[in-house]
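Look at the two complexes coming up: subunit A is in both, with subunit B in one and subunit C in the other.
Up next, the complex of A and B:
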């Protein structure tokens, strides 16, 4: 299974409410996902240019995100606009957070994994569905991808189509770290969302259980 | 009844009690105990009060209570009779109690992991972290299911002692190296906790002004 640079889902769009931020990882790189009060989502490198604090620990004020440590505030382009300790300073243009290309489709927040570079257009939105939830599996992304392919079909947009609790679903895989994988679940037709969610938990648990002896042997 | 809380500011269990007192709008006399580095909670005077050598301790007249969840239950009955924080109805009461035992049982690994990381308490950090993540996952799955069902709190339609008891270990988890990245449902619920009138923070819980 070849997980390469490209577009990946990193969150359910509704889970990042306006005025909030969250951290996540893609190929072990730390990302902050945040949504301004106008409702626009942003995905950046999760590192404050001042001293490297994770910006996801910070807080959103209007259309800025402010760092928890010393309050440096960044606008929606990642440009630092205010340094509380030096209120009269004209902030140099060079103080800027590295930003990722991101988009929202199918109720998910999608990110292109290569920082800064020109990105190809994001995958076309899947047919309407309801983005349900995220799950995190304590297994390597390629292992999870291989397990998914036993019961699911890989689609062109990078998702996996299958059935959970009798309902059609799409699963978007997020290479989180070398040993952890995010799964973002979209209900692609009629179905009981709670039952589908529970079936996804059972699938996650089965993936992990089948690999548990290997994990214990490695300890 | 005058209430005296023997308290340590950085202790998550003491915070649990302070949080509920604040939500109830009750002021208790607070006595600061020198846990670190003094280990005063294990001094002869404190062992006479609580042989387990732990905090918090609540003294209400002749009554001496230990164990944070028990103190929450006592306060709900004594200071807020009929309050929805400890429901009377059997099913809701049972559900709240099972989360309180979960908080002291599986989730206790999170509290222990934090003490090991911050106050050099004994314990194997890797084992505790694995157990804490397993407990957080149980909470995350529960709150995901609740969210998909249109509910916002661990039990019932409003905050209960379950929410109060489960909140400190997860909100403070960065103190022992577990981020909130994998817990979107718990992030949503933790934000909601901040809207409870009387909500207070402690060191390690950001206070957004």
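Up next, the complex of A and C:
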């Protein structure tokens, strides 16, 4: 299984409330996911151009996010608009955060893994999808993808369709790092969300347990 | 308003590393930085731009990249 450039889920949309931010990773790149007070979500490189502080530690004010360190404030395009220590300065356009293409679908925040000027359209939302929870597995993303394929069907949008606790689910895989994988679970039809959540937890535990002997043998 | 200053940094330098650091910071801050002398102990650079941004460039270079150590920084004509 070779995970390629494309759209990946990085958070459950409802978990990022307006005015908040959170850090995550995709292919080991650090990202900030934040939502402005107008309700629009953004996914950027998690690094202030000034001193490299994580913007996920910053403050959202209106439609700006400000760095915790020195308060440099960035608009929704990633452009720095204010430097508190130099209030009269016309901030040059070169002071800008690298931004990713992002979208929301099926109750998830999705990001395109490339930093290019354009990205293909994001996956269409599941007709009846409801994001349920996120789990993180201490295994390589390609290993988790192969495990999922034993019981789930890979769809064109990159998700995996199957059933948990008798309910239809979609699983969106997030290549977090080389050794850690996020799984974002969407309930795609009627089902007991508590039972589905427990089944997903059991699935995660099974993935990690089945890899343990191999790891010990390797050591 | 733009200003032009001649900056001098003294210390222990990896010349290529410091030069790349200056290029990156100058681009980020929209100032022009034309290096004169760059060697293992001294860097001379002419910087032009908005005064606040020139100050930021000086501060950034005073910290420098991880493999360089700036021991002293001053501007030509303003004494050490």
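Following the convention adopted for this analysis, the second predicted complex is superposed on the first by the 214 of 219 C-alpha atoms of A that agree within 3 Å, B and C clash if a C-alpha of one lies under 4 Å from a C-alpha of the other, contacts with A are read in each partner's own complex, and residues count from 1 in each chain.
Convention: contacts are C-beta pairs under 8 Å (C-beta built on N, C-alpha and C of every residue); 3 or more make two chains touch, one makes a residue touch a chain.
What you are looking at is a predicted structure, and each value in this text was computed from that prediction instead of being measured.
Subunit B and subunit C, once both complexes are superposed via subunit A, fit side by side. Judged by the touch definition given at the top, the superposed model places A:4 against neither subunit B nor subunit C.
Once chain A of one complex is fitted onto chain A of the other, the partner contacts of A:209 are absent, as it touches neither subunit B nor subunit C.
Of the two partners, subunit B and subunit C, it is B that touches more residues of subunit A.
Judged by the touch definition given at the top, the superposed model places A:22 against subunit B, while subunit C stays out of reach. In the superposed model, A:86 makes contact with subunit C only, not with subunit B.
Looking at the shared chain after the overlay, A:49 reaches subunit C, while subunit B stays out of its contact range. Once the two complexes are laid over each other on the shared chain, residue contacts for A:94 go to subunit C alone; subunit B is not touched. In the superposition on chain A, contact of A:198 is made with subunit B only, not with subunit C.
For the pair subunit B and subunit C, the model built by superposing on chain A gives 21 Å as the shortest CA-CA distance. The touching residues of subunit B, counted against subunit A in their complex, run 141, 144-145, 148-149, 174, 179-182, 184-185, 187-188, 191, 206, 208. Taken together, the subunit C residues at the contact with subunit A in this complex read 27-30, 50, 52-53.
Chain contact summary for the complex, subunit A toward subunit B: residues 11-12, 15, 17, 20, 22-25, 56-57, 59, 68, 132-134, 136, 180, 182, 193-194, 197-198, 201. Taken together, the subunit A residues at the contact with subunit C in this complex read 49, 86, 89-90, 92-95.
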